[in-house]
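In the two complexes below, subunit A is the common chain; its partner is subunit B in one and subunit C in the other.
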Partner chain A sequence: MKNKFLRIISLCLCAMLATAAFAACQSQSSDTAAPAQPAAPAADAPAADVPQSAGDAMTLNVMTLWARDNSENIPTALRARIAQFQEENPHVTVVEEGIGDQTAYYTRLTTLAAGNDLPDVFVSRGSELSMFAQAGVVAPLDDILNSRPAWRDGFVDGAFGDLTSNGSIYAIPYSMLSTHVIYYNSSLLSEAGFDSFPQTWPEFMDMIAKLNANGVTPIALGNREQWVANSCVLSTLGDRFTGSDWFRSIISGDGAQWTDPEFVSALAALQEMSNAGAFNSDMNSIDNDQQKTLFYNGSAAMFMEGSWAIGAVVDDAPADILAATKVAVLPAVNGGKGNPRSMSGGSGSGLAVGIGALQDDAKMAVIAEFLEFVLGEGYSMEIAAKGEPTAFSVTGYDKSNVSELAALYAEMASSLAFSPIYDSFLNPAVNGVINEGLQELLINVITPQDLAERIQAESNRN
Partner chain B sequence: MNNSSVHAPNSYLRHLGSSIGALLLNIAMLAFSITCIFPIVWIMYSSLKTKDEFMLDIMSLPGSLNFDNYYTAFVEGEMHVYFANSIFNSVVTVLIVIFLSFCVGYALSRYQFRGRNVIYTLFLAGMMIPVYSLLVPLFIQFKTLNLTDKMGTLILPYVAIRLPLAIFLFESFVRTIPRELDEAAYIDGAHTFFTMWRIIFPLCKPVTSTVLILAFLDTWNEFPFALVLITQRSLRTLPVGLTDFYGQFTAEYTTLMAALVLSMLPVMIVYLAFRKQIIQGMTAGAVKG
Partner chain C sequence: MQPNNAASIKPRKAVLAALLLPGVAIYVFITIIPLFTAFGYSLTNWAIGPNRDFIGFDNYVRLMGDSVFWQAFRNNLVIVAGNLIVQMGIAFLLTVLFMSRAMRGKEFHRTVIFLPVVLSAVVVGFIWQMVYSNNFGMLNAVLRSLNMDSLIRLWLDDPKQVIYSVTLPLIWQYLGVPLMIFMSAVQGISKEVYEVCEIDGATGVKKAIYITFPLIYSSMKVAVMLSISSNMLVFSHILVLTGGGPGTSSMVLALYSYSTSFTRMQLGYGSAIAIGVFILSFGLVLIFKKLAEVGQSE
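The block that comes next holds the complex of A and B.
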């Protein structure tokens, strides 16, 4: 009898759960059925006309890598453009979902990709895009770009480099960033006897010795998260020794080896810097925010980070430090094959389009319109006026609000070429080996030659 | 007499030795607890600093108390929405888990029927599945069933994942309660439902608090499912909402600290309220199971 009673209870519970699940299905099915109707064939119509063929409401799902009240220049400007697009196209509802944390964002993105449910438009970096392209879950954007030649040709050289996979472009860049900028405190440098940033390697090493003698940490390095030494230091230092052709050859797999003497010398130079006391001793236990803290409180003379740090320095550094801050890049090295007037950089990330949108011509037309509107000249003027490096070249923007540091950077960047950012091209496994290896190299537990061999071994395996 | 005079210094020394040992042990334990407690204290006072103060020196005490960070986090950062969602998910999950796991645990420990061991093993096997391996299949399932992005979306996986451990704890605890109690109740005319809820359940208080704390903690902190199954901002839970305080390259540390303090509070309150029972429940269940 007791058994029967329990059976009834469990049956009831199962029934309740089942009805709840069904009820949820029912309420949803009504609004997902909507976009089924095929809209007017807009594929070959001039894109500018598309929004006029209004009437059928449309939702555009956009996923971004920025927290909602992120005040960095790029998200702010991009969101303003999205809002304006929304206003001018009332039949389109743009729904934005922003996730601030990079790791979380890419976890979500790869899960959505696995379910072939990527949003209409989303932010993605190049390494993920080539994976998505292989799986066929992102739409190639060549047609959109080729039907808008003026817009396509406005992008600076190499803007699509990181976002191309197998000859197709998969995303439109929203900025051009450098991952290597040396921010230096000019008053600490002149105390050490350097009124301008050294232009040769021996002078640079001499400066490190003199700064140390003055009791100042020459370079604040926060490499706990491992990407700083790779992305912000080695990408440029390596290029000074090897030249960019060597790295391209590594990527395409025709000839170059990690164990080539040029690259080993680059690793040796990094270790030599570390042995000469160029970095703070706790470099592997602090992060890139904390390396800036050392610079802000005047205990370090330099730090190396990407161009994105300009905003942080302008906002957070005490006035006297900010006034003394200038920018530079690593000097030429003896016998280096690389262009000494270059820094590692590129577009890195861009806006990509989920493959689902391809099935709906009307939607694709709206997306094309959206991308050009959001990432076109207007947007680039806006971020250029804030001192951000742009992927779409613009001139004649308002320079009055550009901070002094951003202007210094823009002036320097205009005379420099971009070299590849290592970690945006390499596959994650090789990157992992480099990242870990650099931590060991910096504290002298591995020799440059051994590290190069370890990287080559991992590279062979892939 | 001779004997005792030899003995006395010995015992004195032994006493001294053991008290020195105890002192050293205490110092070691004290140092250990400080390493656990300090981060919490640090978060608390850092949340009262201004951003500049924090960036210049991450260890120093705040110059003056300022509660702006809390306002920014709770009102401007819309933490109250995430807070409400987390509370909703956690409370509903905990209630369902306690109800279901007590029913199942009671049935499994009191009745012998065909398939009992299979059911029990199946539940226990659930404990061994790593959550991350469920992420993609579950997402695809929910998408096909149109269950994503609803008020109750997260309850289903949460309950399912918390159940195995809870059932294991209840089952082994109920088994330690003498069956004679059920029989006595039966003789006095109590039906099964009455015996279960009015006689056995109150005796399960220690294990109920264990299940409550564990399920609450896990649900409150759960991240991957909340990230993947929920799209709408208005349905987000705290752990996902906290990522709002991260930039792509920088973090608003002081606001983040304030948000963290707010998100830690409920957990600390629940833990402090039930802390006495938690260990009792764990051991009472586990040892005799």
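The block that comes next holds the complex of A and C.
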């Protein structure tokens, strides 16, 4: 009896194993074959759209940085364009994978790059792109742009600056953004005695003290994912002290050092802010969504994030907070070499193309069409109408739907210059050291000088 | 069960090998081979893409002097120690409790204690993030309502505190594992032993120390070994709770290897870290095994 039972069990187990192994092989082979012969349509594409003639049918894998329910203007507009492209080109199946967490997204991207298996089209920052370009895993897009001169020339000056490596363009920008905007609650500021945003550093620090005295967190900071303090605060604060030429010299490696006194003073200023109680005490364990929450519920007077947060504030902030929300940038610092009328920004990121597509002319043609359609005039009109700064210049769009906050931002941005976004240019290893170090700097575990030396040491290694 | 019956279900060697083959093949493919390829990668300066150059043992030289690596190792040791002392201790106490006749609702308690074990580590990480949250966290709310405000800490932001804060969820989640192992071992102790010692006048504590503990000692060794090996590789909890921060104060070995490889794109050095982790964990298990043998022979 027992004998028989054992036999049946082992038979079942064997059968299960065999099926599992078979299924694994099966799915693997269909995965790798998918781009070449899209016999099986992707789950979210209607089957009717795939034509019978398999000749020009293809799948376009697109990877983006936005969660499905992201309500910001750019992802919404971009997704609408992708859907329209899909509708007009039924023989192409566009499969979009959206990963909402920025750190997780870039981890996935670099893992794919390490295996030379990048998707056909994907969002990437300049810093990753230049690594990818060096390793030869992304396709240069100069040919695509040059064969479409009208489109190419429509982009604003400097739109490709962050996305160029060794003279070749590797991505098409989807907006001009700033990574540093101070969103402030003007009613909390006037309660502290400031009717306009301070224009000098001592005034700014005075405001922080007064806000604290009023029991308000001056600046909500959510730096758990580590990029916020770097991208949204230090990029601009550093530039105030060092000037953009210093950073360009760091990137090109001709002379400037991280240990230069200007940069160390920038780090010191950040630490001084933190010591003065400028930030919430749990800044390293909440993320940038939670920093907005502190602002929305009125317990924080400011938060610093990029221009991309405008849409989220307009959508999510309670009406009274939204009405009081205004925008500013950090004031000038004493003895700073940088232009105080600037904010870190640029195109920053864009849509890039994996090198795999370059093997296949038909696919490259579809990708070129896709990029022009998705990131062309129609898309730019749409985001411009929502008040987003565009990388492709458009005029005559409908201004009636621009939110008040977006208009405020546009007005401010028109009088400001862009300075480099640190994490768009730096090597990921150096970025990692800065990110980690800033968390320690903000809680006084490391001195500005030691952090500068640590960054320089990592920089020397690369 | 008669011996001849047992012999008849013992299959032929070829059948045995065929049955083992899939399991062994999977093990070799996902554990042994990657170990060797990782060692190969660790001798290169592989950053990304297809290019990599052989650089000998440079990565290992760097590893020896890498303070973050050793800090991560210390953190792992804190987690292992916390689990061995607190988790095993509680599990043993609970086992003794479960044996006593006074205990009611044993089934219920056992289920509740075991429940977190089957939760995903990511879910547990998020739950505890909410528990620890400074403004809205359950822990601080409870402390406030008990008028113990002085005990409120920045659970995940204080670099001196954070490693203990991330150890607690691990202790809580996996408490059920040693408990199950101890319980099944205790059930193997025959009733007569206890009856005899009760006649001799042994009370609860003495029973636990002189009867239960020595008789489940070998099962405890298994539980300890499992605990060491899983806690040396702990990853998801920390990634979700703190991401290794603030700075590197809650960094653990597996997370360091991962972030070096995939966030900082230093795949060669990341592989060297992974090999380092392997050597350290393996060494720790070996040392423990030696210690346990000495303890037993006494």
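By our rule, the second predicted complex is superposed on the first by the 342 of 462 C-alpha atoms of A that agree within 3 Å, B and C clash if a C-alpha of one lies under 4 Å from a C-alpha of the other, contacts with A are read in each partner's own complex, and residues count from 1 in each chain.
In this text, a contact is a pair of C-beta atoms (placed from the backbone, for glycine too) under 8 Å apart; a residue touches a chain by one contact, two chains touch by 3 or more.
All values reported here derive from a predicted model rather than from experimental measurement.
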#### Entry: Partner chain in contact with A:G100 - subunit B first, subunit C second, else both or neither
first
### Message
Applying the document's definition of touch, where does A:A83 land relative to subunit B and subunit C: first, second, both, or neither?
### Response
neither
### Query
Just subunit B (first), just subunit C (second), both, or neither: which does A:A114 touch?
both
### Task
Please work out whether A:N70 is in contact with subunit B alone, subunit C alone, both, or neither, and reply first, second, both or neither.
first
### Message
A:F132 in the overlay: touching subunit B, subunit C, both, or neither? Say first, second, both or neither.
### Response
second
### Message
With both complexes superposed on chain A, which partner does A:R224 reach: first (subunit B), second (subunit C), both or neither?
### Response
second
### Touching partner for A:D289 - first (subunit B), second (subunit C), both, neither
first
### Summary
subunit A positions within both the subunit B interface and the subunit C interface are 2-3, 6, 10, 21, 107, 111, 114
### Complex interface listing, subunit A residues touching subunit B
2-3, 5-6, 9-10, 13, 20-21, 24-25, 28-29, 32, 65-70, 72, 75, 97-102, 104, 107-108, 111-112, 114-115, 117, 288-290, 292-293, 296-297, 306, 308-309, 312, 316, 318
## Note on the structure
Note: in the complex, subunit C contacts subunit A through residues 5, 8-9, 19, 22-23, 47-51, 129, 132-135, 154-159, 242-249, 259, 262-267
### Task
Write out the stretch or stretches of subunit B touching subunit A in their complex.
51-52, 55-58, 76-78, 100, 103, 107, 111, 113, 135-136, 139-140, 143, 145-147, 150, 152, 191-193, 223-224, 227-228, 231, 233, 240, 243-251, 253
### Message
Could you list, by residue number, the parts of subunit A that touch subunit C in their complex?
### Response
2-3, 6, 10, 14, 17-18, 21, 103, 106-107, 110-111, 113-114, 116, 131-132, 134-137, 224-226, 280-286, 294, 299, 428-429, 431-432, 436-437, 439-440, 442-443, 445-446
